[in-house]
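Note that chain A is present in both complexes that follow, paired respectively with chain B and with chain C.
== the complex of A and B ==
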């Protein structure tokens, strides 16, 4: 039960900068999720915290204490590895008991602790199996058990749910949240799945190519992405990005190809004026903030359905507006044929503006 | 195709398989059988033509040859003078020299291989190549320099001299083999143990080594066989002390006429420990050789 602070953490592998000047504070008992695509440096960051990797620059602090000279064993954190790293020759019981054996507990105490943990994870019937005799989901629970059996100062988890199938993953997401509440401990959790990040994190840190892009609550990250990368990465259907220019005289946003012109509400107008080059902007609209209609509406753009994807509980349409393609999320009951002519309306109150040179959000 | 047809075909396949296996076995094992029965033959039986192959039918087995090499042997052609055989002493030397060399080479080589596998080492490729390069010269080429070195250092006819030499010969093999095997073991295994509260050495000993025991035993067998079979260096460097069995085998061939019975008996005793050891670890050997193929 500690806070963890990363101060200007940098780690290089030859010419690759795996982690670049990363600063992040995790409060005691907070659940922070670092999310980023593959190769972002998530594993490397966790390994630096655990003491498995020596940072080239910057430092890691536990409760404000520099842990540079503290060995992994003495850091007293628990680590769930991306590939679980269960000891293949040991049974599930022996795997979970292994951290306790390092701590001079009696056999009876160890047995009691292992069984308590196994019950919590609902794996007590699997304890005498070896990892090879367990399914992926069961292995994952044993790996969690090995981490949870002691009371470490923090849990470091490296994509523990990535190898599970979709349904199990959804189930384990809520399990893990329950476990975190039960254990009441600090969780530093890493994933490449933005759904996991949004649903589990007290706060989310978005990482790409070793660089931290934004830290905030799930809502902040979703509603106010700090830059193009975060806007594109977070959200189950990718945000639409439309190149446009702001015309100060008319207060309108005009698409780069001249196909449309929309009046900008005051929030976007202010944002556009912050840019050094208001002629080169990017309008960001989430697919759920686009409204389709079969009747021509006031101020609506004209479009034509290009591809329709019925997804069960909702539909996604790719709609062509001039040369641009816009993704639109609609309720499942809203049915359109391919090639259908539609009118398209952006919910400008929820739209975002980005500077195309700096890629930073302007709104 | 009906079921019965398929069954007949697979029966035929099995018969052919067993015939082929039997033929191959006879081809490889017959010379060994011949040596084995020769070791139990009297001098006259050995030189009989055509040779006699069935004990108790063709010839009467005798332990005479073993008595000769193990206890005392005739030195004159007329069976009048005998002298004590040095064989047992040399066999003992073989056991402790090859044994020590194997154990030390495997331990040191395994530690080095672990470091090469896990840590970023400056000039790793060059170092590994250098280690391998010590095995690139034919050993005979190094005989003279080694002889001079050993003379200068007073290491001829000593236990530590020849053992060090065998360790040196075994090490590159162990380092290269074991590095490959360690590379197969995910580094997260010992990292998990280190996070669980163990030092790196404890983690290696309790988690990593158990993973590589089969290939380690396979490697040890190869090192042991190399040391056990080595002849040129021990003949040259240790003629007067700590001589192993191989020079005895050479000497027992005799001058003038070859004592086939002694040669055969010596060969049988010489080969037995290796065969027994290999037999004992055979299930690890197979797994060791196929290590990369069966994991993951």
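== the complex of A and C ==
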């Protein structure tokens, strides 16, 4: 139970900068999720925190104390490795018991603890198997168990749910969240799955190519992405990006090809004026903020359905507006044929504006 | 409809047979290639094996009997003689006094040095190569120069012990006990690198992340060694030990060169040699050879089983 602070953390591997000047504070008992695509430097960051990797620059602090000279064991953190790192000659039971045995607990205590943990992770029926006799998802849960059985200062978890099927993953997400509340401990959690990040994190840190893009609550990240990368990465259906220009005289946003013009509400207008080059902007609209209709509406754009994807509980349409393709999320009951002509309306109150040179959000 | 589903490949004319001979099947071809080797093997290995097995049941003496045809069939007499003569048991014990300490020493030293080398440091590759040099020396040559070094009056070893350190000189090769110690020293010197090499290979194959996991799990160095290193390296080490056991058990050159099989170093192969080419008791020598073979097969079998058991634990 301690807070973790990363100060200007930098880690290079030869010419690769795996982590670049990363600063992040995790409060005691907070659940922080670092999310980013593959190769973003998530594992490297965690390894620096655990003491398995020596940062080239910057430092890691536990409760405000520099832990540069503190060994991994003395840092007393539990780590769930991305590749599980299970002990191959040991059974699941022995794997989970390992941290307890290393601490010289009595056999009865160990047994009770291991079984309690295994039941929580639903692997109690697999305890006498060796890692090679377990499926990937089962191994992953043994690795989780080996961490959960401890009472460390903090839990570091490197994509601990990636190998589980969809349903089990959803279950484990809420289970982990519950466990975190129960253990009342600091969780530093890494994933490439933005759904996991949004649903589990007290706060989310978005990482790409070693650089921290944004830190905030799930709502902040989702509603106010700081830049194009965050806007594109967060959200189960990618945000639509439309090149446009702001015309100060009319207060309108005009598409780059001149195909459409939309009046900008005050929020977007203010944003556009912050840009050095209001002629080169990117309008960001989430698929659920686009309205389709078969009847021509006031101020609506003309479009044509290009691809229809029925996804069960909702539909996704790719709609062509001039040369641009726009993804639209609609209720499952809203059925359209391919090639159908539709009118398209953007919910401008929830739209985002980005500077295309700096890629930073303007709203 | 169905006629159209025929793939183009089947309508194409069959590939030309080329140089293929119908009667030459793959098996026959393989047999043809293997035959010369098999025949040679049969002639130089299998035949002598069976031949000596036959001789071990006769009273054949290669020196006095004009022809093996006249060798008298004596049944198991040779075996009974060999197994009941106290001298042979003494030889077995002498062999064991050599084999057990030597292999133990080689194992401890080789594995120990490998543990020290199982990390990055400057000059690691070079020192590793230097350590391997004794293994590359022919045993006969190694024996010859160690004999010089062990010379009681002019050898460098006694020079160091007596002239430099001021202790009593040791009669390395002529005293019963010290002769055996010399033999153990030289064999250990020569073959520790072998165990070292095998251990190093085993240690390098242990994934680094297991140690990282154990570090994070706050395991002590000893705990990591006991629970991660040893279980993973053990099967390979056992193979190394089998090699060394068999090799030490049949050691001949070194004992012959160092002491000519003198007191204290008359291990089984030397004894066998003396029966076969000193007494020319070919039948008896063959019987002893077979007894030795059975013993080593039994021993190796035990160890192989141990390996298989630890392999099975992996699954």
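The criterion applied here is as follows: the second predicted complex is superposed on the first by the 363 of 363 C-alpha atoms of A that agree within 3 Å, B and C clash if a C-alpha of one lies under 4 Å from a C-alpha of the other, contacts with A are read in each partner's own complex, and residues count from 1 in each chain.
One rule holds in what follows: a contact is a pair of C-beta atoms (placed from the backbone, for glycine too) under 8 Å apart; a residue touches a chain by one contact, two chains touch by 3 or more.
Model, not experiment: these values are computed from the prediction.
Participant: Given the alignment on chain A, is it a clash or a fit between chain B and chain C?
Facilitator: Clash: chain B and chain C overlap once superposed on chain A.
Participant: Considering only the touch criterion stated at the top, classify A:130 as touching first (chain B), second (chain C), both, or neither.
Facilitator: second
Participant: Which partner does A:170 contact after superposing on A: first (chain B), second (chain C), both, neither?
Facilitator: Touch partners of A:170: none, neither chain B nor chain C.
Participant: With both structures superposed, pick whichever of chain B and chain C touches the larger number of chain A residues.
Facilitator: After superposition, C is the partner touching more of chain A.
Participant: In the overlay, answer first, second, both or neither for which of chain B and chain C A:73 touches.
Facilitator: Both: A:73 reaches chain B and chain C.
Participant: Should A:81 be classified as contacting the first partner (chain B), the second (chain C), both, or neither?
Facilitator: both
Participant: With both complexes superposed on chain A, which partner does A:103 reach: first (chain B), second (chain C), both or neither?
Facilitator: In the superposition, A:103 contacts both chain B and chain C.
Participant: Where does chain C run into chain B after the fit on chain A, at 6-14, 114-122 or 168-176?
Facilitator: Superposition on chain A puts chain B right on top of 114-122.
Participant: Identify the residues of chain A that lie in both the chain B contact region and the chain C contact region.
Facilitator: Looking at chain A, the two contact sets intersect at 50, 52, 71-73, 76-79, 81, 83, 85, 87-89, 98-99, 102-103, 146.
Participant: Help me check something: in the complex, which residues belonging to chain C touch chain A?
Facilitator: Listed in rising order, the residues of chain C that touch chain A are 207, 209-210, 212-220, 223, 227-228, 231-232, 313-315.
Participant: Can you list the residues on chain A that touch chain B in the complex?
Facilitator: 50, 52, 71-73, 75-79, 81, 83, 85, 87-89, 98-99, 102-103, 146
Participant: What does chain B use to touch chain A in their complex?
Facilitator: Counting only chain B, the residues touching chain A are 186, 188-189, 191-199, 207, 210-211.
Participant: Under the stated contact criterion, what part of chain A meets chain C in this complex?
Facilitator: Counting only chain A, the residues touching chain C are 50, 52, 71-73, 76-79, 81, 83, 85-90, 98-99, 101-103, 130, 132-133, 146, 150.
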